[in-house]
Structures are given as C-alpha cells and as structure tokens.
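Next up, some structures in structure tokens.
The same chain A turns up in both complexes below, where it pairs with chain B and then with chain C.
Coming up: the complex of A and B.
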C-alpha cells in the first residue's frame, strides 16, 4: 500500500525511523550478529576509581572489570595502556603532570580472572603500551542464538614506600581494550 | 510520490542494514585512578638489659638501639625519657621505689648510624622533653625502611650505690612521625 502524506508527515516519519534504529539496534545486537556475516559487539568496563592504596608487600587487587563480547566469528581480546611501562602517573584530573610527575614504582598488572563467571587461575602481567593478549581465537558466541561472553579482568598494583601520596592530584593510567575477529 | 517512496525505502534499507556495518574490531578505554595513602611504619628496640655498669669517668656505652622506619612521606624521630632529668632510678622489677636510689648522671644518647652511615654526633642528655634524633624531614624510605641507630652512654659515679636486689631503670620513648 503506497504511503501517502504531506511533507511534514514525511519528515516526522524519517526522524522516527532514525530514532528507533538508534535505540533498538544496540539492544538487539546479538540477533543482528546472527543475521550478518561478520559482527562484533563489545561493551567495555567503566573508568575505575580505585581510591586510596597503601604501600607494603601485599599488592592491591581491583574489583573485576567486565568486558562483554558478542561475536559471530572467532574473536580475541587485547589490552594495553597509554603509558609505555604501565606505571600509573600523576594526574591533575585533566592531564598528566608534565614537570617531574610522580610515577608509581611498579607497573599496573592485569590478569584474566573469569570467563562467563567461571574463574580462571590468575596470571598477572605488567601492562604496557604493547598490546597483551587476554584471549585469542575464542569461538563464536552465536552458535544458535547469540549471547555475550562475559570476560573478567582484574588489576593488581603493588605500592612501594618510595611512592608518595599525590596530594591534590591522583595517579592514573588509561587501559585500552581491543576486541577483534582477526586475532 | 515515487520520489518519496524511494526516500523512505532508502531509510528502511539503512535501518535493516545497520548491523552489517558493525566493525569487526572494537576499542574501549577505561581509565584507572588511585592515590597513595601517607603511610608510616616503625619497629622499635626491645627493652635493653644493660647488665652491670662500672663506675668511672669513661662511662659505659650501649650497643646500638635500632628504630626501623618505613615512610612514603618525609619523617623524623624524636626521643625522650619518662624521667624528667633522664636519670636511671631504682626499680624493683615492677615499679620505681618510693624513696629510690638515682644515678648521678643522666642517660645520654646520640645518633650513631642513619641508614648505615656513621653519624658524627655527640652525646646529649636525655630529658622528658622529646628531641629530634633525625631531622624532621628525612626522605621517603625504600621498602626495607631506614635504620635509625642510637647509642646510649651512662656515666656512673662512685657516689652511685649498688641497687642490691633491685635495678636502675629509665623508660626511653621514641616517636616517629611524618608531621614533626
């Protein structure tokens, strides 16, 4: 049946169509993945405000950071940091301190700790700007109906007595996760 | 009308095709922020049983008493005694005597090593007023901490009686702080 309407009506329909697409498509990503030749949907952990860490021989372990991956092909996950040696560095809240920033003595370390809520034996590795493999060649999460693989990663930070409080600043590092179907 | 239908069809095609445009790689950033708590840990010397001291002007020198400090901010150590004049006083094992014998000379102290380095210091009399053993702004320490070694000196006069079944005693207090 041909659509009939004025110019104003047409405009409304177009806006509505776009709005619906924006709302529904991400929420139905698994179904979309199933229907398309190559599809990858990922949600990443929010920023982590770790609070106050005290120095000593016992390292601090973060809460588990969750990454949800929906893929209809083999997929993998990598992690890297913006700082080459993975050491958290003094941060004003808007930028890293440029002149003589405080830097923690030890690198932030990461480990895969769970897949789909099943614990993995932790094996912590230092973060660096060179991507490290969290998982590779994982099977499709869409064998029939699509579902997300829930990947848990924890961080581990050792603080030395040589690490001074940052005062009004904080220590920060940016962690980047790359999910892909090519690795 | 044909033109309008064509536009609407294009929109519909766009909506349906949206998943196909999904990337096969995805990148996400998550910042991690934290601060470090100002932390101070210290170990103090055990009670020191000095044994029998000889009378004479040379005085008696103790083995070094070590305070180990771990701190991630500037710090200092102070020391004092429970006796105002820093003098060892007759002690029955549980308490000072009511009418005690008191050594003539106060206990003296000096910083003898700091982080293993010999310190060219002189002995000073103890009092109940805390005084700095180190500076009040020693640098942050390594994880093993820094040893602050103090040596005591006690001159015994021929006027000092033997305490018999009792002893002479003074309580030495060390204060370590990041805020002296």
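Coming up: the complex of A and C.
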C-alpha cells in the first residue's frame, strides 16, 4: 500500500529534476563551443521594418535589436552599413535603384543600448561603411559552461520634409554585425 | 494530483528545451584561430561553419589579408583589390554556400605563396558573411547581416626575429569597481609573438599592493596591441604608481604611470552635462547670441571639445558650425559660453550643441527655433523707442528745460523792451 503509485511519483520527480536542470543549466549553451578550442557564435537580429516613416523634427527610434554572442575567447563586435554614408536608399525589392536613387537626408544612427539586459546610456553614431566598434575586449562567455552575451542595439532615423516617398519602391540599408576574436 | 504535477513538469521541460535554440540561434564558426607552420600548398585544418538559426542561410566566404587593431581584433576589408590579394595568397573553398537550418559545412583553406619573398609571418582572416533567407518586408527596412571571422597566423620557413617593447600603460574605470589596465606592447620582429608582461602597483608609501601577470595574447609584427588586466582587488582612495614590465624576445622594457583613486577602485572620471542651451528668438537677418551652460558632474577634470551646428529645417547640411572650446572644467564646476551666430532668413532652424570624445558623445542638446520676418522701419523705430524709454524721458526733460528757459528768456527780453507810458 505505501508503494502504490510510486512509479508515477518517481517519474514525476525525474521529469521535474530534468526540467529544473534544464532551467538552471545555461539554456543557450551551444555544445560545439565546449567541444572545440576556439569558437564563436552570433545570432541574427531580425529584419527591422520601419514601415511608413513620417517626416518631422522628432527622430524615429527602433525597438531594441538583440544580438547573442557566444565566444570562448576575448571578443569584439563592430557594425557597418553597405552604404558609404549610412543613408537609407531606394530599393526595388531586389537591388538598389542605380539611376538617381532617392536617398534619405539623414544617416541611420545606431547606439549600443544594453549588455545582458543592463541598460547602457545611448550614444548614437551615424552608420557608415567604415566599421564602428560596438564592443571590444569583451571577456569569454564560457568561463565554465557557455552562455550567450545579449547585446542590444537601437537605431534612430530622422526623416526630413525634403525626403521624398519611395513610391512603389522602399528605402533600405544593410547593416552588418562583424564579430571576431583577437589574433 | 500526481497527474497534474507530471503534466506541469513535462510542460516546463518542453518550454525550456524549446527556448534553447531560439536563444542561441545563430551561425557558429570553429576554430576561430589557426596558428600553423605552412609551406605553399599546405592545407590548413578545416573550418567548420554551422547554422544554428531556424532559417536557411547564405554564406559568402573570403580569405583576405588582415591587420591588427589595438584591442587585438583583426581589421580587414572586403573590397575587390583586397579579395584579389587574398586569393593570391590563400585559396578558400567553397566561396559561397547555402546552409539549411541545423546543418554544418567545412571550409578548406590552402596556403599559397607569401606576398613577399622571404616573409616569415602571413596574417589573414577567413570572413564568413551570412544572411538569412527571408521574404523581404515592405516599407523602410534595415536588413541585418552577420560576419564571423577565423584568424589565420601562418608561419612560413625562414628565420624568425622576435623583438618588441612595452610602449604605454593606461588605466580605465571598469564595471563593478574594476580597474582595467591596458599594457601596450609593440612587436618589432617579423613574426607574431605572445609577450610576457607583469603589472605591479605600489601605493604612495611605496608598498606593493598588486603584482599580477598580464594575460598574454598574440601581437602581430609591425603592430601594437593593448593587453588587458582587470584588477578587482579593492584599493582604497589615494595615489598610486603602476608599472608594467615586459619581455619581448630577448628585450626587457617597462612603462609606468601615476594615478589617483578618489574612492575604493574609483578613478576620477569627468561627466559633462549641458545644463542649458538658450532657445534664441532672433529676427530674420540679424546676428544673434546663444548662451550655453556646461557642468562637470564627475570626479575628474575635463577639457571638452564640441561643435555648435545650425541647420535649416530638417536638412542635414549645417549652415553654420562653430567650434566649442571651453577651458578645463574641474570636477563639480560650471562654465558658460556665449556664441555669436550670423543672421538667417525667416524659417525654422535646429541648433545642436554636441561634445564628443572620438565617436563617444559626451553631451548633446538640441533646440528648435523660428526666426521672425524682418520688421518694417516703423516697427523697428517703435521697438527702439520702446527699448529706450529712460533715455527718451531724459531727452524730453532736457528739451522741455531748454524750451521753458528759452521762453522765460524771451519774456524777460519783451519786458525790457516795453517802455511804460507815463
């Protein structure tokens, strides 16, 4: 009688133990980073669709874009755009317009806004094709088990009344996050 | 009851497990550094690239020559000449690949001839530039791409010359009361090396309070690198001397700095604040002044440099850009600047004061103002009169005095001329 249903209890306890272990253990640990001497993993931030941008003196601020970095060595992160002056340019859906493209008057600006959910005072800089340093000399995220560093970046776009609507096309810019470890 | 617990436990497990790939969800490259002896034609250890994201990924692979920045990170460019130069010294294949979610691939790199005859060390990166295959969204879009690099340190046959020295030492405030020391080491040899360096901190009384080996990292020939050492041991407020002793090849060198702590592991740090930027109300085409008040709310001095820019409406190009060069601001001190700006035509303008240290913006403030239309002559006369009432009153009183005294003199004169009839 005292042992009736003990199988279900043991199973429940086991499953609960697994669940607790899964929560306590770093969930984002990529196994390969533990298995190899030097590795780096970077997540893709989602596409940021501003939708319609209205002109005015107030800048448009994006939601925070999160980039997760896992590295078992010192690492750094840089950001650059594909357009030299960081100004969003008319896009047909497959390529930038070549002949007299419409271009926004102001460069897209970016700022580091958080590291591991701790806010950073924003300091917006214009994007350009020259890489800007988001972070450097960051310590390994694998002191024991690997975990990801969560990096938050926001964008700011000012739209002038002089900026023309893109019509049937859109405005676009490509932003590249370049993660690396030291030599 | 037991069944409920079991279901709850299963749900927790599934939720946690389901969350894990989303948290990592990216592109993995390994190894990120290959340091090997090679000859032309040597195949390097393969580099594995794995797609942990939930979508297919297209990856462009390029091996290009690299330099080293102070933090140790590689710098490189993916311009056509650089890619061509890379192809001449390394052959990476494949150069483009499409990886389905959860799949991995190996990239093979074969060493070519070094760019210069007799060159012992060749440094390059294999850059993996990846984008997810997604449907493009409508409207203004910021499309993200990620790039990961694997560093190549290739040693060709030849005589290695190891030489270098410590060139600088600096200290910075780190998070959570950490002191971050940066020992700058220069490699004057012809091959990368890991210098041996040690940091010693002594108090004003000459007592040694810190002695630690600096974690050694590769420094490329012809470059400088800052080796980082975080000190978490709490040092009380006071004056200190830090010294780094480095051994690079057979050469020993050292650098030292004096620094002050204003609290436990707290360096004096300035913090600039723009207290106010006057919102001007100028008339059109008339020069005007703008007052700017600054305050240093930090614990160290600062000599900030900035710019005051005037732009028309939402335009980007500045109509006027004036340098802002206040004198040194001691901790907890204030300073006011007055800047003269030229007159502008009627319209809406934006005035921005910005102080920066390189790319880091220290303080920024913007005001938007409108200039009125140029007033008529009558309005300007009335404005002038309204602004000079005391002067006008004095003038009027003086005039009245002159008129009254003149009249009195005239009356006296008339009285003398009138001869009484007897």
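To be clear about the criterion, the second predicted complex is superposed on the first by the 151 of 183 C-alpha atoms of A that agree within 3 Å, B and C clash if a C-alpha of one lies under 4 Å from a C-alpha of the other, contacts with A are read in each partner's own complex, and residues count from 1 in each chain.
As a working rule, a residue touches a chain if its C-beta (ideal position, glycine included) is under 8 Å from a C-beta of that chain, and two chains touch if they have at least 3 such contacts.
Computed from a predicted structure; not experimentally measured.
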When chain B and chain C are modelled together on chain A, clash or fit:
clash
Once the shared chain is lined up, is A:178 touching chain B (first), chain C (second), both, or neither of them?
both
Identify the partner contact of A:164: answer first if only chain B is touched, second if only chain C is, both if each is, neither if none is.
first
Quick check for you: in the superposed arrangement, does A:137 touch first (chain B), second (chain C), both or neither?
second
State whether A:54 touches chain B only (first), chain C only (second), both chains, or neither.
first
Overlapping segment of chain C (options 26-34, 116-124 or 224-232) - the one that collides with chain B in the superposed model:
26-34
Starting from the residues of chain A touching chain B, keep only those that also touch chain C in the other complex, and list them.
5, 18, 29, 32-33, 36-53, 55-57, 62, 65, 67, 73, 88, 91, 108, 155, 157, 159-163, 166, 170-182
For a test of understanding, state which residues of chain B touch chain A in their complex under the given definition.
1, 4-5, 7-8, 11-12, 14-15, 18-20, 22-39, 41, 70-73, 140-143, 145
Mind pulling up the chain C residues that touch chain A in the complex?
2-3, 5-6, 9-10, 12-13, 16-17, 19-20, 23-33, 48, 50, 52-53, 55, 57, 66, 68, 71-75, 123, 125, 129-132, 134, 136-149, 151, 153, 192, 217-220, 225, 228, 313-316, 350, 359-361, 368
Contacts from chain A onto chain B in the complex sit at residues 2-5, 10, 13-14, 17-18, 20-21, 25, 29, 32-33, 35-57, 62, 65, 67, 73, 88, 91, 104, 108, 155, 157, 159-166, 169-182
Quick one: which bits of chain A touch chain C in the complex? Just the residue numbers, please.
5, 8-9, 11-12, 15-16, 18-19, 22-23, 27-30, 32-33, 36-53, 55-57, 62, 65, 67-68, 70-71, 73-74, 76, 78, 88, 91, 93, 105-108, 123-125, 131-133, 136-137, 148, 155, 157-163, 166, 170-183
